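In the two assemblies presented below, subunit A is common to both, partnered first by subunit B and then by subunit C.
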Partner chain A sequence: MKLSTGDRWDLIDKISKETVTFGAYKHTLKDAIGELTVKPMTGIPVAIAIMYGFWSVFGSFAGFFTDGFFVRLFDAYWLPWLQEIFPGQGGWLYAIMVDAGGIESGEFVLSSNCLESFGVLTSGLFVAVGVVLPAIIIFYLMLALLEDIGYMPRLAVLLDTVLHRVGLHGYAIVPTVLSLGCNVPGVAATRILETKKQRFIMMTLLAIFIPCGAQIGIMQDLMPNLMGWILLYLIIGYFIFGYILNKIVPGKAPEFLIDVPPYRRPLLSNIGKKVGGRVRGFFVVAIPFVLLGCAIVGVLYQLGVIQFLGDALAPVFVGWFGVPKETAGPLIAAFLRKDLAVAQLDAISDLMTPYQMITAVVLVSIYFPCVATFAMMLKEGWKELLGALAVLTVVVFAYGGLIHLIGILLGVA
Partner chain B sequence: MGEREFIMSGMDEVLSRIENGTTIDTIVKELSMNRSTLLAMIEFLVDEQYLEVVDLQCSCSTSNLCEQCQCSGADTGHGMAMYVLTSKGLRFIS
Partner chain C sequence: MKILLMGHPNVGKSVFFNRLTGANVTESNYPGTTVDYTKGWMKIEGEDVEIVDVPGTFSLNPKDRAEEVAVAMLHENKDAKVISVIDASKIERGLYLAMEIIEEGYPLVIALNMRDVAEDKNIVIDAGRLERILGIPVVSTVAIAGEGIKELIYRIKDAKPVNVADIIANAANASNTESAADAGGAA
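The block that comes next holds the complex of A and B.
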């Protein structure tokens, strides 16, 4: 027997009357706790408190292992040992692999710490293992905890209105937060966004304005007093250029109905697997690029290419961005690894004022995605990549110039 | 009011709220209805193509972790489900 649609509904009515009890919505304590993190009045202070806690644990953990253990290990034992046993001191291979050193009173002088040595086996390993690895581990541990508790969907709901101003929706916070660990999974996570317009805006903003965990870790270690200003410039840029992109990029940014899951107890095994997998990913993706970056920059220094580029681009660096021409080297290294570039900027910090350092680090962040992110963006589509690069070029010159202008107006540039 | 009438009369109410972006808990509270009733209504709206389920991947799937993670790649990213109005849904409320 085949029932008509009307008959089916009548049957449903009949069954539901006999089997289902309809009651009014009852607000439970669990709902109330859940709402505290979603409603703006209470949710924003809670979000700020969580972010502050996140930041404090991140800084303390990374600082404890880097300053308390790895700096001593690398500077007191690893560097002197390598300087002694590696053959050909003063030669080009020695400079690239161990220590570029310096010339004082006409004599070759060895570096006293791993950050200034610029060698693949010294600076490269120290940045990757000594500085970035502790930062990455604690970042992914905290992120996995927030994910498994069920806080991330609530943060998405809380930020939904704000992110709609830049053409995205609340769930865009997930690629954004993932990018704070590494831009590569962040770019991949833009697939969760619904429209091409949203994916393009998200991918572009991530590539330009979101520093990766490695970069944040090294900034926290080397220039903690400038971190706030650097991040402030990046956050402001994220929203200014997101707003502009939302206005000029054609397409839709639809609203969503979101079903937020309840809070739940995190499983240690699950967190362990997530953190372990992501840290393994860092070892595979990042460390070879750090070492390669060190080697390429070392070779370019030896060949005089960095000097040449610095001289050729001096009018742009000095005149437009207000930074010394010596930043050419770190900017080239930034294409391979941003953390390495920040370390190299710190090594030439004597040549810069604090404001120039802020400008230089912001430029390192926004001027080009690292090569791993670049490859990931290419995977998402070459049209999107070209569009993002076009936006990026405009942003670098406009925003870099604007930061310089602000510095001039404030009298600090 | 029977379930059928409730669904038919409440459908435009729910759809118009979705147009402005909201959560399931908010609609449940605003319309003072049972959560399971609303979920059934949403399922119906999805079946009738007024709503579309947004395919959310778990964040771990972006780093080939889904085999290890509990979500098994099928979860809607941190246990969250998202729905968007289709053109049929937009036509209905306009």
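The block that comes next holds the complex of A and C.
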């Protein structure tokens, strides 16, 4: 037998009257803190403080391990040792695995650090383990704390009005923040949005404008003074193109109702499990891709494919985006891993002005989702994926050109 | 045997799942942590039992993709038992989903989770009486602390389909006996 909605509620009313007693409700300290972090007057300053704290801890923790430990380990011991023992110096296998080196006055010279060497075992391992690993460990640790305390739904409430402008609602902050760790769970989390329109807008914006933790980690280490501008361009892009998508994508963007859960004390065991699981995922999925990406780019260099692409696309790179044609290599690497692409851009930084570097990194971020994100989007629906790629193509050319134009107007490009 | 963990978002289904199966699915304090189902295994009295962590849903009329996964999971497993996880501090809405599942004929056990939160709010639930009215096992739990999990496992075998008409009759009887008792007390 099935009841109508009304009858079902009547029955539940009767049952709860028989079994539940509601005592006087006391306003506790937890409730007070809960309200302070949701009301805009107090909530927004608290949110800014939390973001700032997040950022400071992230930067100093990652910097401490990368600059204080891994850079020395890799550049002073690992690289010279490999350069020494790996056979066939100057050959193609040596170039791909250890050091592509350079030619100075007709002679082959070895690289002096792990970024410029471009080898799978040197650059690849250094980027994955030396730079990105510390960054994502601290990122996931702090994300797990925010998740388990129960802060995310409060952030959602605070940002609801702003996110409505781009066709989403406050809860879109959950996929967005998850994407700042890795876009793959971010794309999966779009399932909590109600309509197709919202899911499409969200997925497209994530894939284009949200840099993942690995990319943020490497930017933080290699170009700390440019990163603010890069992130600013990405955030502005998120809102400009979100606004446009909201106007042109058909469908509804409903209001959202949310249960804001009480604050809870995070359990150490749960935090440990979550961070452990995510870091394990990084080892299993991300590190092989970094190494593979490094190898593919190395092989393509050896075959002359990247030089050929660079020359062929030079008018687009130089004329439209205002970046040197050598960015072709990093852009290919970006399809596999964005962190690797940023590292390769940094390795050719003497070819670029700071403004060109900003443009190049923004391009690497927005031009194509990495292969893991691509696969996840395909799993969510090929129509959405094709749509997102169409939007992406337009965005890359429009926004890339716009950034170039801004540079010209500022006199720096 | 197959058991589905069902309930509203953020009531602790994933916590139960990890406790029951020793697995490692993500647990967080926000609705919508689980957007796809996860399967795991446990042994109950020597029998291998498959447990499924189902995404949270408010009702059997899905309103987003994660809820669609939940409802499809239920309907694809007609022979499954269901552990209905209810936030004890919001019991009425939890019972709504539980009733919907009961009406579809599934054998059910209710886990009244987050008893600690309910106590903080001065909400007291007579689990025994709820069990008599519904005719299915009702167990109070605090899943993150592991309280009540053993009893829940032990009671799974008592889950059986119940007729809604019986529940209606029990609810009416319960209120009658109480008013009778009240009348007796007054006299």
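Heads up, the rule we're going with is that the second predicted complex is superposed on the first by the 383 of 413 C-alpha atoms of A that agree within 3 Å, B and C clash if a C-alpha of one lies under 4 Å from a C-alpha of the other, contacts with A are read in each partner's own complex, and residues count from 1 in each chain.
Simple rule for what comes next: a contact is a pair of C-beta atoms (placed from the backbone, for glycine too) under 8 Å apart; a residue touches a chain by one contact, two chains touch by 3 or more.
As the structure is a computational prediction, the values presented were derived from the model and not from experiment.
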{"item": "First, second, both or neither for A:Ser16, with subunit B first and subunit C second", "value": "both"}
{"item": "Contacts of A:Glu255 with subunit B and subunit C, given as first, second, both or neither", "value": "first"}
{"item": "Partner chain(s) touched by A:Leu3 [first = subunit B, second = subunit C, both, neither]", "value": "second"}
{"item": "Contacts of A:Asp160 with subunit B and subunit C, given as first, second, both or neither", "value": "first"}
{"item": "First (subunit B), second (subunit C), both or neither touched by A:Val174", "value": "both"}
{"item": "Which superposed partner A:Thr28 touches (first subunit B, second subunit C, both, neither)", "value": "second"}
{"item": "First (subunit B), second (subunit C), both or neither touched by A:Arg199", "value": "second"}
{"item": "Common interface positions of subunit A, toward subunit B and toward subunit C", "value": "9, 12-13, 16-17, 20, 22-25, 147, 150, 152-153, 171, 174, 188-189, 191-192, 194, 258-259, 261, 264, 267, 270, 273-274, 277"}
{"item": "Residues on subunit B engaged by subunit A in the complex (per definition of touch)", "value": "2-4, 17-25, 27-29, 32-35, 37, 39, 42, 51, 54-57, 59-60, 62-65, 68-70, 77-85"}
{"item": "Touch list for subunit A against partner subunit B, complex", "value": "9-10, 12-13, 16-17, 20, 22-25, 27, 31, 34-35, 38, 147, 150, 152-153, 156-157, 160-161, 164, 169, 171, 174, 178, 185, 188-189, 191-192, 194, 254-261, 264, 267, 270, 273-274, 277-278, 281"}
{"item": "Parts of subunit A lying in touch with subunit C, wherever the complex brings them together", "value": "1-3, 8-9, 11-26, 28, 30, 144, 147-150, 152-153, 171, 174, 188-194, 199, 258-259, 261-262, 264, 267, 270, 273-274, 277"}
{"item": "Residues of subunit C defined as touching subunit A within the complex", "value": "8-10, 24, 26-33, 35-36, 55, 63-66, 69, 90-92, 95-96, 99-100, 103-104, 117, 120-127, 129-130, 133-134, 144, 163-165, 167-168, 171-172, 174-175, 178"}
